[in-house]
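Quick one: structure below, then a few questions.
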Amino acid sequence: MSIKTFSRGGVHPPDNKLSAGNKIVELPPPELATIPLSQHLGAPAKVLVNRGDQVKVGQLIAQSEGFVSTNIHSSVSGKVLKVDQFMDSSGYRRMAVQIQVEGDQWMETIDRSDDLVRNSVLPAEDIRKKILEAGIVGLGGATFPSHIKLMVPQGKTAEYVIINGVECEPYLTADHALMMERSEELLSGIQLLMIGLGVEKAIIGIENNKPDAIEKMKEITRGSSVSVQGMKVMYPQGGEKQLVQALLKREVPSGGLPIDVGVVVFNVGTAHAVYEAVMKNRPLINRIVTVTGKGLDKPSNFMVRIGTPVSSLIEKAGGLPEATAKVINGGPMMGKALSTIDVPVVKGSSGILLMDESEARRKDVKPCIRCTKCVSVCPMGLEPYLLMTLSEKSFFERMEPEKVMDCIECGSCSYTCPSSRPLLDYIRLGKAEVGKIMRARKAV
Amino acid sequence: MNKFIVSPSPHAYTDESVPKLMYGVIISLLPALAVSVYFFGIGMIIVSSVSVASCILFEYLIQRYMMKVKPTHLDGSALLTGLLLAFCLPANIPFWIVMIGALAAVGIGKMTFGGLGNNIFNPALVGRVFLFISFPVAMTAWPEPGQWMHYTDAVTGATPLGLMKEGLANRTVGEIMPEVPSFLNLLLGKTMGSAGEVSALALLLGMLYMMYRKIISWHIPITILATVAIFTGILWLANPDRFADPLFHLLTGGLMLGAIYMATDYVTSPMTPKGMIIYGVGIGVVTVLIRVFGAYPEGVQFAILIFNGFTPLINKYVKPKRFGKEVKHG
Amino acid sequence: MSQIIIYTIITLVAIGAAAAIILYFVAQKFKVYEDPRIDEVEEALPAANCGGCGFPGCHNFAETLVKTESWDDLFCPVGGNDTMSKVAGILGREAIEQAPKVAVVRCNGTPEFRPRVTTYDGAPTCAIAHSLYAGEGICPHGCLGLGDCVVVCNFDAIHMDPDTDLPVVIDDKCTACGACVEACPRDIIELRKKNKKDRKIFVSCINEEKGAVAKKNCSVACIGCAKCFKVCKYDAITMENNKAFIDSEKCVLCRKCVLECPTSAILELNFPPPRKKEPVVEASETEIK
Amino acid sequence: MEYILIIISAVFVSNIVLNQFLGICPFIGVSSKVETAIGMTGAVTFVMVIATLVTYLIYHSVLVPLDIVYMRTITFILVIASLVQLVEIILKKISPPLYQALGIFLPLITTNCAVLGVAVLAVQKDFGLLESTVYAIGNAIGFGLALITFSGIREQLDLLNVPKRMKGVPIAFIVAGLMALAFMGFTGIV
Amino acid sequence: MNQWKNFSKGFIKENAVFVLFLGLCPTLGVTTSAINGLGMGLATTFVLVMSNLVVSLVKNLIPDKVRIPAFIVIIATFVTVVELVMKGYVPALFDALGLFIPLIVVNCVVLGRAEAFASKNTIWSSLVDGAGMGLGFTMALTVLGAVRELLGSGAFFGMKLISGDAMLLFILPPGAFLALGYLLVLANMIKEKSS
Amino acid sequence: MAKKESTFLSMVATLFVVTLVAAGLLGSVFALTKEPIRLAELKKKNEAIQVVVPGFDNEPSQEVERVFMDGDSIYLYTARQGEEILGTAVETFTNNGFSGQFKLMVGFAPDGSIIDIAVIKHAETPGLGDKMEKGKSDFSVQFMGKHPDSFNIAVTKDRGDVDAITASTITSRAYCDAVTRAYGAFMKSQKEN
């Protein structure tokens, strides 16, 4: 088969997968864990514990509040120090539970053994319920509660489960490591998702810069209804819509979801978490985080408890280099810059990337010369140069017809601009303003 | 404690930059420049250096003293404008006319609109057409190639297109063709014409280089050349006595220079491939219309300016194919 | 010769009469109801139908004048101010006399008081920085210093002070149009009553953190101690969300609260020479310069 | 063929706006948006053709036989003014959508010198009835071409960083000048 | 009203061309030389003064609904008078101005003043207003004409200042637009300076 | 302000009066200017004839002859001094100008040689084509005294004897076309008489 990729736009930033091939290192629980109540898209969870309470690993400490929301579990055992506002990665203060770690006592219901459990006999409904209870969210970074994806809306049918092993972000290797080391569990998780959705076919998409992962997954999935597809390296292939289009030649309609074309997409990490939740009864309390950067001593893939401070991760990877100028939560294309490293790892943290001044600084902004590069790299077929100008000059009402809401914020435009224009910055602002306009219209 | 830099994503950028693109274009112009200097000698050297120097100087002066902004005269764009302006002037034109052209190009064409990226019309072309209309005599006296040491005193003659336009009034194409340089000479540039437009071969080399560097895409130049070839081809087939053959039209005049360097100017050309094709076809058609039916022997500069004017409309109505409008099953 | 004059008269009169009669009857027959005020306004306009106002004709312009709320960009170049005020009269839109107001910036978080812990490197607008993170200073309510308010001001009445990284309002130029209030993503700018000699007293902080946190973020933050609230005899001060607010309508500029404030979060501007409390007055002086 | 030449000449070679300087006021005034420009073009086409026809008839059946051609200006302007109002009133009643699209531009056309200019030019050039009509259509297209292109450019200029002093009318004239410069290329086509 | 103020406003503060952007067609069309601009300006001034005079005379006799047609007739009458007189006594200028003489009828300045000023003011004020606006218009046309003549044919009021060709562009249509555009910028700058 | 009310009657009456007065005024101005206008036009024509066939004392514009050529009429004016025919002024045209039609007045001596040529009306490009006008360049001078039989009225590019105006070959060529047409008309009228 020909090498697949999506049909429109895309860029190819240097890979920089420094930590590729490094084994996953499991880190011990931190001394002090801060577990935010809002680690997912949607409403923050409602806290169930009070100051001074004793909690165990895996204990539910905050409950899903509303439809788009999810449960939060304690990732450590110990005493609740505070339920208060703590600084999050953006410097704003949000509610979180801070726990003084004492020992490592787990909930009795959790199966902590390493034994592989295959072939679930649970009905689809129970699988969905377990996923809901375990507080699983999309681990690729979007943190959309997974149980909602498993509820296929009326009138629509799911045909395919697509598993996203693309990891198109430069530097990040967490998914790669997961596929290499937990491939059996991953396959089991995929099969659970298929049962949960009542779907016969699943495809794992992996970019060609991870040949060993493709090999491994192909070997394991042989004979199952799960197929593995190697893909041309191209950012942002990991975007849901791009992935679906690349693998199935189906275009998710504007404003729609993959389910509109009969597809549900999960990240490999999510599939693995589903396995843990359903087969081992273990809620989402830890995740794999890549800690990387050119100045770092030991770029690593860590298995970390949610709530561990980022600073301690960096410490374990060799310590913060003197020249560090920027710390990014996630990859260089879509990650979020941190204003301080005293923030906890959350469900959506896929990597911690350190950059020095020369890498981090943006170049001086020059005038747009309309070179068309941003238009040709936009995977959504938008015109970033126009959107930015409209946003800059506050012509927000003209941005809606230009489909600004289709923007997936992949950053390809800003990446490619020879004038170093902050295209995505302004487009994001425009999206927010257009969103306001649309909501106001709906309200009338 | 470290003071971290915070910025929205993305946090990675390409190495491309505006100066790099501009200098890429300038490199691709070197073969044509070399050919021009070879044929027109000192005249070309004077014209191009005066043009480049005045464009840069005027850009600096206007930005510094009239717009009161930080001058950007060294970002390569003024240099490029100057070079392109020199390319479409006769190599024997007095230097003060070149300076007026540079003032028109930079002052009217570019700075009036706010500088790089804001102009609607291609500055070099504005300069050229401004001069062409203002100083028709000086702008249509073309030096014969090979006069190394002559500048304004060079012996002049008519361009192949001029010969054709004049000749067709009472003679047939067949009778005129012997007076026109051979196609080989047209390809190499041993003919009369604006300094930089004579050698089709050198310009094509430049185009290949720019395409290889991905500075320009094929859409605009190829559509223009193809449209001109097809349109003149039809006319030629219909009446070979009245209309010259397509090869003649492709190799003569400023077509190559216009199609490859002027029409592809980022700022003034459409943003989408579809738009570029509409633009290219339009320029091709208007060029041939003016060449064949109009009063001027050459039309490409007017055609490009006209379609520079249409570019905003093209951009408004020709959008890239959005993701996810139609859903294909299967 | 007189024959030609007669022909002229007959022709012109005939054409004129024909036009008038046809128009009259057609107008009767094809009458369409319209807001009568539009006609009234149109009457007041010069009827030059020149398009100088940017509208395709006086009628259209009149319609817009009647129907739209904001007349910001509407002006008739032919009739000038007289016409416009007449139109305003017809529509009863005489501007309601209001007590003059002026914009004040309610943040005093200079780098000295509010250390900068990060460097912002995104697009230089407050709106984008605000949606991204707390800002260079640690206070998530403080001024971002990127000047969105400066950009929107049509009267050059506001500019950034490079020493304090805070915007400065020039009272004489400020028209209290409110554009900056709208533009500030953090709602730091407020329109307050204009007092004699541009004097004003206000709480130059809008943070909602608890006292300890606020103090940590910025040394001149309002820590919600309510001392000013207790000292004010005119009920001009209210406490809400851990901070004080001085109502400019009730405040009599007695300056008791200024003396009381432990963090110098209450600013007094344009008063006679300072008596004590140096940091505040210094800051205020830089602000009015 | 002759009619085609008349049209080409009116549209490109001696474009009514860029070459003859007629209809400059709406060209500057009603060109800030493409949609408005299209509406204006429709209205101008409509009125220009009818006005040229009617004035042609009046000129040749009244003024010439009575030997009072010096009355041209005054009769033409009267006729055009009444005509515009007539069209406006009728359109408003008969087709409100069409009125919404074109009607709002109608009053502006009375003082659009392009309409009177074309009517006068058509009789000056000794055109026949059909020729006059074609001439009016050609000029209307020419007006539309210039106006719509120009409005496209102005929409774009809104998004660009035009220097403050140049903004508005001055830059509009510069753009018009450069368009006129480009249109000079058509010289001699007809 | 202060008559001097009333008169002088047409030159700078409410200049028809540079400030109000009215009457642009003849401004562009006839200004290939200063003398043409002057001639056109004076012709327009005559019409303006006369129509202002007559309109203010009859303003109370004309019902509102027909005032526009009546004004148009009045204006058109004076335009035709100008047309006939010029044809008879200055045929060369008439030929040079051509179509733009009848087009004074549709010059917004004329109808605009009649409607906005003359129909509301006394005869004397209307006369002064018409003269002021008209002479302001004349000044604008003459300046533009002089600039174009100077740049385009190297002459000033017909006197050749340089031998040989100048920048032809400026007496051709594109030059009219460009020259007016830059003059407007200049006018803006002067306005900025003065205020 | 006391304005008249807009009743149908008052409206019609007002318009009636206004148009009546306007028409009366116009009619009288026309009557006054009719003669000067006629004279001005006559003067213009006579001046052109005066340039190309100087020295006449008759009214050449009264001695008109019309010749049809190339779908349009060409007027010939005979200029006399006393009884002697000084020459014929031919009002000719060409449609090949750079900007369409232009008109020339060509004066022929009775033997057919060109006395002088004047431009009546043209729209050629200023600074280029308009150099055909007398005084703007020496272009028209080269025709003076030449006889079309011996002087090939065509630009040198077309193997004729006329030196074209620099950069305005089209105008020059059209000029020759008009002169040739004038000569044709002149010969035709000579033959007929």
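Order as written gives the chain letters A, B, C, D, E and F; numbering starts at 1 within each chain.
Everything that follows uses one rule, which is that a contact is a pair of C-beta atoms (placed from the backbone, for glycine too) under 8 Å apart; a residue touches a chain by one contact, two chains touch by 3 or more.
Please read these numbers as outputs of a predicted model, since none were measured by experiment.
Undergrad: Going by the stated contact rule, which chains contact subunit A and subunit E alike?
TA: Of all the chains present, those in contact with both subunit A and subunit E are B, C, D.
Undergrad: Please work out which of D-F and C-D is bridged by more C-beta pairs in contact, and write that pair.
TA: Answer to which pair has more contacts is C-D.
Undergrad: Among the chains here, which has the CA centroid at the largest distance from subunit C's centroid?
TA: Most remote chain from subunit C, centroid-wise, comes out as F.
Undergrad: Round to the nearest whole Å and give the separation of the Cα centres of subunit D and subunit E.
TA: Those two chain centres are 21 Å apart.
Undergrad: Which whole number of Å gives the spacing of the CA centres of subunit C and subunit E?
TA: That pair's centroid distance is 40 Å.
Undergrad: Taking each chain's centre as the mean position of its Cα atoms, how many Å separate subunit B from subunit D?
TA: 33
Undergrad: Averaging over Cα atoms per chain, report the distance between subunit A and subunit C in Å.
TA: 43
Undergrad: Mind pulling the subunit E residues that touch 2 or more other chains?
TA: Residues 21-22, 64, 66, 68-69, 73, 76-77, 80, 84, 108, 111, 165, 168-169, 172, 174, 178.
Undergrad: Would you mind listing the residues of subunit C that make contact with two or more other chains?
TA: 4, 8, 11-12, 15-16, 19-20, 48, 50, 52, 117-118, 121-123, 128, 132-133
Undergrad: Of all the residues in subunit B, which ones touch at least 2 other chains?
TA: Within subunit B, residues 4-8, 108, 115, 117-118, 130, 133, 136-137, 295, 315 contact more than one other chain.
Undergrad: Which two-chain combinations qualify as touching?
TA: Pairs flagged as touching, ordered by label: A-B, A-C, A-D, B-C, B-D, B-E, B-F, C-D, C-E, C-F, D-E, D-F, E-F.
Undergrad: Along subunit B, where are the residues that touch subunit F in the complex?
TA: Its residues touching subunit F are 136-137, 140, 166, 169-170, 295.
Undergrad: Under the touch definition given earlier, write down the residues of subunit C that touch subunit F in their complex.
TA: 1, 4-6, 8-9, 11-13, 15-17, 20-21, 24
Undergrad: Going by the contact rule set out above, which residues of subunit B touch subunit C in the complex?
TA: Its residues touching subunit C are 1, 3-8.
Undergrad: Write out the stretch or stretches of subunit D touching subunit F in their complex.
TA: By the definition above, subunit D touches subunit F via 68, 70-71, 74, 187-188, 190.
Undergrad: Over in the complex, which subunit B residues touch subunit A? Could you list them?
TA: Touch residues, subunit B against subunit A: 2, 4-14, 16-18, 20-21, 72, 75, 77, 115-118, 217, 266-267, 269, 271-272, 315, 319-330.
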